[in-house]
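Shared between the two complexes below is chain A, which pairs with chain B and chain C, respectively.
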Partner chain A sequence: MLPSFNYYQPASLQEALTLLASLPRPKKLLAGGTDLVPALRRGELYPANVVSISGLSEMKEIKMERGLILIGALAAFSDLVCPPCFEGAHRLVAEAAGQIGGPQIRNQGTIGGNIVNASPAGDMLPPLVALGARVRLCREAGERAVFLSDFLGDAGGACIAPEEILVEVSFPALPVNAAGSFVKLGRRNSLAISRISAATVIIYDSYGRIEEARLALGSVGPKPVRVPSAEALLKGQKPAPDLLEEVVASVGEAVGVLLGSRSSASYKKAAVRGVARQVLQKADPRFMNSGEING
Partner chain B sequence: MVEMKPFKIISKVNGSTVELGVNPGRRLIDILREDLGLTGTKEGCGEGECGACTVLINGRPVNACLVLAPEMNGKEIITIEGLTPEDELHPIQEAFLEAGAVQCGFCTPGMILTAKALLDKNSDPDEKAVKTAISGNLCRCTGYVKIVAAIRLAAAKLAAREGSI
Partner chain C sequence: MTGWRDGGLDPGNSVIGQSCPRVDGVSKVKGKTLFAADLNINGALYCRVLRSQVPNAILRSVDCSEALKVPGVVAVYTAADIPGENRVGIIVKDEPVLVEDRIRRAGDALALVVGRTEEALEEAVRKIQIDYQSQPGVFSVMEAMGEGAPAVHGENNIQSATSIVRGDADAAVSGARVVVTRRYTTQMAEHAYLEPEAGLAAVEDGVIKVWVSTQNPHYDRREISRMLGVGRHRVRVTQAPTGGGFGGKLDISVQCLLALAAFKTGRPVKMVYRREESFVASPKRHPYIIDYTSACDAEGRLLAVKIKIIGDTGAYASYGPATLKRAAVHAAGPYAVPNALIESYCVYTNNPTAGAMRGFGVPQMAFAHEAQMDLLAEALGIDPFTIRLRNCLKPGDITVTGQCLSHSVGIKETIEKARDRAMELGMLGKPAKNYGVGVGCMWYGIGNTGAPNPAGAFLDLLEDGTVVVLTGCADIGQGSDMVLAQIAAEELGVNIENVYVLSGDTGVSPDAGATSASRQTYVSGNAVYSAARQVKEILAREAREILGSGDANLDFRSGFVWRGGKKTEVTVKEIISGCGKKGILTLGSGCFNPPATGLNAEGQGMPYATYSYATQVAEVKVDTETGKVAVIRLVAAHDVGRAINPQSVEGQIEGGCLMGMGYALLEEVNLSGGVIENPRLAEYLLPMSLDAPEIHPVIVEEPESTGPFGAKGVGEPALIPTAAAIANAISKALGIRFCSLPVTPEKILAALEKRDGYLIQSAESTQQRR
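Entry: the complex of A and B
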């Protein structure tokens, strides 16, 4: 038995927003339940009111519109694994979603929940940060859109009011001459704490040089971090193995500064270099030495 | 303490309509086991890690220990008891027996439902597809080799059955 609370199942987003505005705190939104239910059970949360939005099918849609990819916050991870809009350069979204938990968790957990709970090991976050995603938040009185990187707090957690609902995540579709990839260390859910991940997006000019590169790392801090020094090294260059070594070294340095003297620092510094190397090689095979096979 | 109002749900469990007032602080697994007597669904970790509590909701495998009872509303739920009419074995169950994929049996209902969802989508999964599909179901006994073999045998049985109709 879980702690006592009142439970509501609104039939529309509007109804949910009205409820959230009027119900007293502490209140909690329920989407997939994969984080909320265990937290209730462990007694970490004791809301007086739980508002379930899991049935709002209008928030499950995934579509492409005017150059933007729009993902409803209630899309389950397994809904993100197959759609055609996550092929090609966008496949990092599908790759990250496909590696979360086990299949059951992927059927239940939602992208919105993963973002709002903002776990340092929230696997969807590095790819979305690399893609320059924004989130749209609604409340009864209006709505706002913010960059995901600003929505995630510097001390962990997400900047969301108890009256707000994250309804959608979006990012600009990448041009045709672009690549992207995602890599994660560690496999099972229970290893979440030590799990380091990296996502990259590379946009090329018409000569095959890197016009813009974005590299986002997960689990090295309270929220995913971009690595500007590494991104600057890549800009304007042609992908090649020696360039990769320079980039990987600068990633190691940047992470060293971030982690300081924390006890996990030396492990993470080494691990992050490996993950950065892999993610770039996966995005663009020109980073590989001839004969090297990316496992 | 808040006084919890029972929440009225209407859902389909193993093909029959179920109407109940449920306490929102209970979970789907509690309703199945305690109120509906469907004890084939097992509770292992209660945390979403082991898959022993796997049931199908609208055809997809989910962990019943992570679903609040009122979330059943409007859903179609299949438990291991609903796989076939009483006293009959489903080809997946036959395959598990024949391949020796059942030892203590605690993981078996969840494994079989996960296998059913896989085979409904992919009638001829290779070893990798089977392993991926059951990656959320833990087994303490078998070492998985026989479970993987059983699911592939089940695929063959289902294909043969299709062919003979």
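Entry: the complex of A and C
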């Protein structure tokens, strides 16, 4: 059963920011509600005030402007699955959004909620970190923009003040010769929490060599981690099966160090090799052996 | 008069074997069906239970004074308020409706709050003061069976034991060519029906009426009447449309609590479990520890089995004793084994209660005996299908309980048909890396194990041609109403649309026993069949008079009277109205109790009248880096005797396969000190549609002469061999034997690491030897 609280439904972002500034704590912002409502029902949160911003359509827009892809914080996961701007190299955003929960959750849950909730298993986070995303936060008195990787706390959680609203997430559009992909390992194929997820972005030079590679892993720490050792191995190289073996081994080692003596460590440090392999092969088929391409 | 047993079944006009659409189908698909939680009576009060958080404690007192002060609270009841016997249980009356002095598991009901709103109940439950003293509990069967272990009930934690002795197993093992011994362990599992337990109760004219989601309304009535200390004439239990049961709604859940609240307050009351409560309060599938030795000769013919089974039944017996007895009877699998020594133990612990769950203790055994068959085959280099065909039961064979199987032994045909279909589908081709195909066989005795389990039915033929069937048989979604309608329609020769089945209401229908043990098609089907035969006799007498045809061979088909195999102009409707004009009512009653016997001290006897058989073949792909298993295809060949409604049979097979896949790979109730750690569907993971493999059902029909139109049962068999087949397929894919369910990615990676480590070592030692 839901606890009782005051419920506000502001008509504009400005009104919401004013409300947030004036309402006493504890207060919570409601977007899609797919994390908040179950937590309320379980009695994990007792906010005195809940401000619903779910009706603010101005925050649902997805657009490309001046080389940036801008996603309104209230865009639902299902809104991220189809737009043309998430085809090609940017498809890792659509791939991650399309595997979250089930259809009902994807229709309801928002990208902003996924970011602010900052679960270690939040599926939108590794792709956005790999894309070098920034978030824009507003308060009544002004606004700020920070890199997502800095916005997410090293010990978990998001660095957001109770008066702030995350209004937008953006990242620079990738150049033409780039690739990206996302892979998730769950216990089942839908409605599954990621046990490990991986997102990669690869930018090539004009000779087809890797100019820059980014690999971000989810569910192996409080927030997504990049794997510098693996990225360094890829830099300057042509994608090939032998290279992949080296990269995969280095990912396994890095994750082993990250997880230390946690109970899940022995499984995850082995399984992450498979996830890393899949995400790189999905991004660039040159990582596959010829036999694998033929199936 | 002819019938199907005389070869009189006319396939052209027969409704048997037709996939008649379910009467309840459309309203369920449209969401119009009113389940127990949807029922309401104006002014109904709500009920909620305070449950124990600790698994073992002395309960000193329950102080309700603060809870009673909460506005909207009408009453709070404890054990002291129960007027009759405060003990329920299908086999052993060992479970209190509300605990009086001893808490035996986390989830035991301590107090019942009745109030006007859910909010008031929630507050009141928090304000009940419990004074208890925790006691050391036992949380594993090994601990529970050990010397000096705290007793959950009485003096000893061994609730019951079964032993089966046939021939001389020890001598046979010592003379065998191959002997394989393994220990298998299986997990605790949850039914996870879509609809959590719910009900409504009211007192009308001194009768306590309960509408409830249940698998056994007549049992519910018995327990309510004992608990209230009133005659059964003062209790009426009506089964509400039930959203799945799988054995988990055979025990008492909300029934007695609702009846107590209605009886005490005199007001209508309603109760709906939340999902977490359903997890915590309902019985589970028994976890087993199975020590299994199989011995065979050089051709792979089984010579002997020696098996010890220990099942954790938790705090209360529930269906545990029957589950472990059934496990012993089925332990050797559907194979002819001349020498057997089998023991099974049902053991109390302070864990959640384990009871009946689809398969009734046999899926665990199938996992073990099918792994053993593969191990024997591997040792001799024989194909998995060949070793099974070489050993499977055939008519004339004798089971480990000494029962001679004379007919309807379809195991051989299911193996052949499953193999052939797998071949057609290209599943048995050249083995690819990390792909595996596994075989699982099973047998399953229909009805209760060596115990009477009768069913009754009434039948009333109305003048407009309507056939009313009254049966206690609870349709819990599996479609028994339709099957019983088809049986009545076939025997009386009327259209299926004219049959109305009124089921599961103790106020109007006779007891049909539990919807469990895959028994309702066979047992209630026979009861309806014999009621219809009785009515048919009445009709035949009248028909002979109308036709003036003496002892001619009469039958009723598609609404007409047939004489000597030819259709006449006389309709069944005319016959009924002819009877009515003479004051003859066309009523029938029937009952059936499967011809079976109990087991003697050596486990010998005829525990079931008939058995269903099945073979499933699973194809899997294992990702050796992540340990993830994808089940690609499942072939499921089931000998059901006769498929009364083939679509229902296929539906049962498909659902069973998916449920069995969850049991094989995903599902596990995790316990910590007797407390469930994952009592939510977000944490207790079931397979979803995107995990579903391609399922290919194959219906095999080896008619059972004592069954209605030859039918046996399929409800539980559908799931029994699935985990066995999948586990065997994984073992084939990796060359590693898995002896513990579920086969999780963690277990797979750990085994691969162990093996590859071992391989490196053995390669080194080989070099050294050189």
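We take it that the second predicted complex is superposed on the first by the 283 of 295 C-alpha atoms of A that agree within 3 Å, B and C clash if a C-alpha of one lies under 4 Å from a C-alpha of the other, contacts with A are read in each partner's own complex, and residues count from 1 in each chain.
In this section, contacts are C-beta pairs under 8 Å (C-beta built on N, C-alpha and C of every residue); 3 or more make two chains touch, one makes a residue touch a chain.
Remember, predicted model here, so these are calculated numbers, not experimental data.
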Query = When the two structures are laid over each other on chain A, which of chain B and chain C touches more residues of chain A?
reply = B
Request  = In the overlay, answer first, second, both or neither for which of chain B and chain C A:249 touches.
outcome  = neither
Touched partner set for A:5, first chain B, second chain C, both or neither = first
Ask   = Is A:50 touching the first partner chain B, the second partner chain C, both, or neither of them?
value = first
Message = Taking the superposition on A as described, I'd like to know which of chain B and chain C A:159 touches: first, second, both or neither.
response = neither
Request  = Would you check which partner chain A:108 touches, where first means chain B only, second means chain C only, and both and neither mean what they say?
outcome  = first
Request  = Check whether A:78 is in contact with chain B, with chain C, with both or with neither, and answer first, second, both or neither.
outcome  = first
Ask   = Which partner does A:270 reach: the first (chain B), the second (chain C), both, or neither?
value = second
Note = On chain A, the footprints of chain B and chain C overlap at residues 1, 102, 189-190
Note = Listed in rising order, the residues of chain A that touch chain C in the complex are 1, 102, 185, 187-193, 266-267, 270-271, 273-275, 277
Query = Which residues, counting only chain A, touch chain B once they are in their complex?
reply = 1-7, 9, 30, 33-34, 37-38, 40-41, 48, 50, 52, 54-55, 78, 101-105, 107-108, 189-190
Request  = Spell out the part of chain B that touches chain A in their complex, as residue ranges.
outcome  = 1-5, 7, 23-27, 30, 46-49, 51, 54, 57, 60-63, 65-68, 70-71, 73-74, 114, 132-133, 135-137
Task = Could you please specify the touching residues of chain C with respect to chain A in the complex?
result = 118-119, 122, 623-628, 666, 682, 685, 687-691, 745-746, 749-750, 753
